[in-house]
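Below is one structure, written out as structure tokens, with a few remarks after it.
As written, the chains take the letters A, B, C and D, and residue 1 is the first residue of each chain.
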Amino acid sequence: MIYLLILPAFIMLVLSFWSVQKSRFVLPLTSLLILFPAIKLFFLPKPYSIWGTYLVADDLSAYVMLVSSIVAIGVTLAMSTLGLHVEIKDRVYARFYRFFALFWIGLTLSIISNNMGIYWIGLETATLSTVYMIKTNSSLMARKEAWNYMIVGAIAISLILFGIILIYTSFKPLLGEEAMNFSALLKSAKEIKSPFLFEIGFSITTLGMFIKMGFFPMNLWLANIERASFYPVAALFSGVLESAVIIGFFRFSKIAQLVNPLHLFIFVFIYTILTIFIVSFLIYRSKDFMRLFSLSGVEHMALIALFWASGGVFAALLHFGAHAFLKPALFLSTGILESKGKYKIAGALRGYSGVKGKVFYFLTALFLLAIISVPPSPMFFSELYGFGAMVDIAKKHQHLLLMIGAIMLLLVFLSIIFYKFTEIYQSMKYEGVEQKRVVYGNEVLALVLFAFSLLALLTPWSFEFLRSIS
Amino acid sequence: MTSFLIGLFLATLITALFTMRLYRLILWYSLNSLSLALLAITIGFHIGDNSMIVSGFFTLLLKAIFIPYILKRISLRFSLSRQIEPNIPVYYSIMLIPALLVFTFYLAEPITNMLSSNANYVAISISSLFLSLLLMIEHKNIAPKIIGFLSIENSLFLLGTIATNGMPMLIELGIFFDLLMAIVVINLLFKQEEEVKE
Amino acid sequence: MILYIAMILLMILLSPLVLSFIKMLKMFLLYKKPISIFQGYRDFSKLLSKEIIISKETSQITHIAPYLVLSPLLLTLFFLPPVSSGEYYVSFVDAFTITGLISLSTFFLMLLGLDSASSFGGLGSSREAFISALVEPAMILTLFSVSMMANNLGVGQAGLNLSKHFPYEHMASFIFAGISFFILLVAENGRIPVDNPETHLELTMVHEAMILDLSGFYLALIESASSIKFMIFASLFASLFLPFGLDLPVVLAIGVFILKIFFIAFLVAILEVNTAKLRLFKVPNLLGIAIVFSFLSLITFYVLGA
Amino acid sequence: MFVFDNLSILFLFLILLGVVPNLFYSFGYLPHIKRKAYYLIHYFAFITSMAGVVVAGNALLFLFFWELMSLTSWQLILSDIEGKSTIKAARFYFFMTHFGFMFLLLFFLIVTDGDLGISFLEMKSIAANFAYPSILFFFVILGLLSKAGAVPMHVWLPYAHPAAPSPVSALMSGVMLKIAIYGMFRFLFDILGTWQVEWGVLILIMGAISSLIGVLYALSEHDIKALLANHSIENIGIILMGFGMGMIFSSLHLPKLSSFAFVAALFHTFNHMSFKSLLFMGAGSVLHQTGTKNMEKYGGLIKSMPITAFTFLLASISISALPPTNGFLSEWMVFQSLLASSSIDSVTLKLAIPFSIFALALTGGLAIACFVKVFGIEFLGLHRSVNAKHAHEVNGLMKMGMILMSLVVVSLMLFAPFFIKLFDGAIKGLSGTTIYTQIFPNIWSLHSINNNGGVVSPLILLIALIVITAALYLVFRSLNIKQRVFHTWACGYNATPRSQYSATGFAGPIRRFFTWLYDPKEHFEKEVISEHKTKFIDASFSVHVEPLFQRFIYEGAVKLTNKISYFVYRLAHFEQSRYAAMIFNMLLSILFSYRIFVHQFSWATLALESVVMIISVKVLLLGEKR
């Protein structure tokens, strides 16, 4: 199974060293292969041990795997016409696929790992490969941002490892060598000797992850990177890399929840409120699609973390899925919208003619509305249930009014974002001048793929599946 | 013996914070790694954990000798400025570092009664994490930043070694971390080259 | 029942008399040669005999409005309090309905003003709108506070109750209401100081301006409407704020009632002679007094019960 | 899943009454809409969603349809765009509805314990156990009244309603606002159950203020649709007054009085639906003919479009609460219920209620003035613009719509007993007390419920008016008087369009009286002849009134947001250069807080740690001052 999962990536890696002209058309096809193992994994009985206790796939990882592979396929689809929107050298494709393969290997490891160590290794690999994916765009800005990303990523990674070691330390007396693997930790989290040490470790790890997801205080670096790199890369960032991080957060916070749910909730709550406070006002100011979307991506990540920490597993997973499909879709469409020059929001959605154009127009408009959780977008339901979970915790808490107030504050920040997106939507659709714009088949195909995946999320079957995960 | 080495580790790190010359910084770093390696080896002998001894020797070779040497070569090759001014005034550092140490001990105090092994070790490794972050913060030039990274990694290794006496996967993790560091270094070199070209 | 009908007819008949009585009195006090007290009737009959001149610019409204100015007022006459305790009366109609009917007639009067595209009409109805907008709340509040003192919201019943047992315990709010109602009486009927019925100077006129373009029968309707309006107010004032003499034998009671009416007319005349017409934007101060007093009377009744 | 109790059916009926004429009108209006399919899709989705809200039986459905309603109406506003103002209005509207939705969401999340599928009945038990019912109440009114457009959440109305195509503004103002009222009934009765007196007083005061503010700003408007929108605020205020009185009475355990007040509120809800839709349709037809919303450009339209004019007149009389129309009846009932409170002894009430009576009375007066202005300036006199001159009656479908709606108005007046019976049934379903027999012992007269309260009999009034008028007319015929047609007397000049009063001029005195509220921006330009002050060829005078609330609350909020966002923006740019330092400080503070708040708390350590934090932030992040 493990080979099956890694194989397509290896093929890609090898092919990418082949001459560009030949590989160029083979590579996207090979990238399609990553879907099949994901599907296979999805339908295997859970928990399914892939490699002893080190790699064990459960429902959560299968779900994340499936979502990520769909997103990756969509992105690679759109990648093949990158050259028609921005002028690039051919070898860029090769480099992209080379590091995409590495990235995919790392990602797979971190998603299906049942072991803190392997999870961390996967994460590290993914991070390092993304650095080079940024550098595929050989502009000065991109190089600068890549270097910044290097620093931030390295620090985040080392913090995560530091935390992992502390967690290991705190569980060592209890489990001995077993203290590395998640399931064991989950089992014995209740009778841990030194919750304090664990919580310190957890907080350091979480800080690392939050930094990597672009939470407070590092709200801008992600946006800068995604601005600097090519739009498919940005799409990968927001759609896939984030998922590698968030699944780690899911796993660690499950343990923390058993150790002390209230501490976890308050920690995450304060952190996310700070994040969303900053992000909402940054969004309110931003005049650029790319930054706008990546900031709202940060916001959604924060919401996911918050929902998860407040026990709304279903809401968190639904929101995660919706985010994973919507954000890359929007990033791809951004690349197309910006083909007539960056920072032009007014009238960006006008002038798309023909069937492809109409479909693109329609889908992009829908995605924009979906992202501000207007029904019937999945985000609507996820936010509904997520806030429900939070209110429940608030009702159990002794400072009820305080909590309700905090939740209202959160909603106020969200409504600022809502306002901004409404403005953007309207000015894209109704303002500005109409000029001829082109969109290519494969891009529309990618968007359609995302749209269908979103619809699939909305089916009662998937709801029921997500409920079963918790 | 253990405590002495740990003290040495911390001392070298702190002195590294105050140095203003590149080569001396590199020297302090290698001493720092050396003490770490010796620490690993002694503890390894103490609890009879061979993997730890191995990793100790590995550290000795790689970090105490190889990386400092490479760094020096690089700095010669690209003629990096040997004069490195910390952009945080010294009196601030004097205020800050003891505060950090005190805080970390205060932080680790509740661990003592929960854990078999010595809580101060945890405290020291956390503080060394902070100190190496500080090292990264206080320098603008690239070489000290690299050294900051490396000493973050050292403090990780310290934690792995002393707080959890004997660890299975973490050795490998340490190696992966060295890989990360190596890649960082190479990346930086390329960056340098590019900037040299321009 | 017969008495009831008779009273209504009497009021209708009496109304021009009262207005011309005021006019006569004023002229007498101003050392002019007073007009005959029957002038009102003469004008009326003359207007009936004249032809109607419709202006080109007007619409159907001109043909409809005059009737609808008069008929609500005529209807109101049916709801007034009784003049003698023996008489039949409509007990239940409350202040809001009466005010509503009066405003209905005002509404059409104002439309009439706007219908003929003359600047005078607009001017008149704009001012009228302004004044009546301020008058209505005062009127409603006043009548309500009085009828609450009489502890029945129906105005007719209220009049009777007041005469039965005079609200000594609510004297304060009663007096407030009285003052405000008198001001309303002056304002609503377009007397000095709010409006000057004699003049046709665009600076001063309100009521007249609206009907400049009317003539003949329609003018007659409007004129009789205004006189009946005065009658309504006067009789309301008489039976709500001078509630005595209802228990006398019928003929006497009616006599007393008529005396009251003429007394009120006398008061108005005196007021008109002794005050100057206010500037339009001073009028709100006067109406403001009315509103404040009515509000006060309600508040004092509610909060202090005094 | 769905509820079909009396209340729901009643409001379905309301929607039906509102929609059927609107359909005719809408199809008549269709040729003037560019994106027809788009419009129709959203139009029907809008209607469906309103019906859905009314029959929704659990929170999830309610919220879903509610949001769908906002969404579709928002799109409908955008369905034909006249420049930036429409877009701005749409945005503002959508934001405000979302604002309301937020509070509804919180409310439901609290009362459903997160399981949004449960019925209202189950919610009631949960709400009863909730510690702070007042919070729930505030969420409800913030959520619903921001949709209903009560002060101070009313600012979006005068922007959104004019921006929409006329059939849609008729629907929005006539029906959609009432959905919020439905929500009030549904939630306050079925979920919150028991009320505190203060709630009722709050609603009452809100109603009073809304009615005053609404009518005052309506008077100062010249954009006819904005004017009507402001009147919606006023009428919502009146409805809320009835509602508030009902709540007060029921919390004082006077069931009959409270039912009376609620019936009054419902009755006014229906009436407002009828005449406001009719008014918007009329305004729409005029707009459609003259192509402008500015009243100064109308005039004399009664000659060219009689049907529009007379239906509009009917609606105007009704909305000015003149007897014997339906508007009068419902306001009368509200008055009665306000006055019925004379016996209550509670100081807050004793202060609140006279004020409300006063407010309602003043509102009535001003409403009359306002509608004389509207009707007079719009339909009477001479045309003030070329378009007005060439205007002609609208097409059959639109006429049909208006006639049907005026039939609804008339039937609300004539068949008041029947409607009251319906309302009574709905209220009976909620509170369990029926009062129909007290209100209508016979179909002729409508009795107030309080002891020795007044009585009014619409039918008798109507018949009497007709009889008297007919009599007068007969007199007129019998005298067979000659008629002559001649010009209006304009002091020897010809009466020209420019010689007549303008809307601005008409509202002048009142504007001047309430100038402290409006503080109007007056623009007066004139071309004088050779420095003469008084002699001038051409002059133009225009007044612009900017609503108080908008200036203080809304623009204030916008300013604040800008300030904060600028601050945040600057703060976020530290990380451009100081990644490591920011992470360092974050790590430090997190570990601090864990140590202090989680393990063992003491103020001394907290102070100490915060000092350390401040130093490190100062040193590492802010650095030296240069």
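In the analysis below, contacts are C-beta pairs under 8 Å (C-beta built on N, C-alpha and C of every residue); 3 or more make two chains touch, one makes a residue touch a chain.
Note that this is a predicted model, so its numbers are computed, not measured.
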item	value
Given subunit A and subunit B, the chains that contact each of them	D
Core chain by centroid distance, with centroids computed from Cα atoms only	D
Top chain pair, ranked by number of contacting C-beta pairs	C-D
Where subunit C and subunit D are represented by their mean Cα positions, the distance between them in whole Å	35
For subunit B paired with subunit C, centre-to-centre distance based on mean C-alpha positions, whole Å	100
Intercentroid distance (Cα basis), subunit D paired with subunit B, Å	68
Chain centre separation in whole Å, for subunit D relative to subunit A (CA means)	43
Interface hub residues of subunit B, defined as touching at least two other chains	107, 110, 133, 136
Of all residues in subunit A, the ones touching two or more other chains	151, 155, 196, 200
For subunit D, residues contacting two or more additional chains	580, 583, 587, 591, 599
Each pair of chains that touches, named by its two labels	A-B, A-D, B-D, C-D
Interface residues, subunit B side, partner subunit A - complex	107, 110-111, 114-117, 122, 129, 133, 136, 145, 149, 152-153, 155-156, 159-160, 163-164, 167-170, 172-173, 176-177, 180, 183-184, 187, 191, 194
Residues of subunit D touching subunit B in the complex	578, 580-581, 583-584, 587-588, 591-592, 595, 599-600, 605, 609, 612, 615-616, 619-620, 623-624
Residue ranges of subunit A touching subunit D (in the complex, touch as defined)	148, 151-152, 155-156, 159, 196, 199-200, 203-204, 207, 211, 216-221, 224, 263, 267, 277-278, 281-282, 284-285, 369, 374-376, 380, 384-385, 387-389, 391-392, 395, 400-401, 404, 407-408, 411-412, 414-416, 418-419, 422-423, 426-427, 430-431
Complex contact set, residues of subunit B against subunit D	87-89, 92, 95-96, 99, 103, 106-107, 110, 126, 130, 133-134, 136-137, 148
Complex contacts: residues of subunit A adjacent to subunit B	115, 117-118, 120-121, 124, 128, 131, 143, 147, 150-151, 154-155, 157-158, 161-162, 165-166, 168-170, 172-173, 177, 180, 193-197, 200
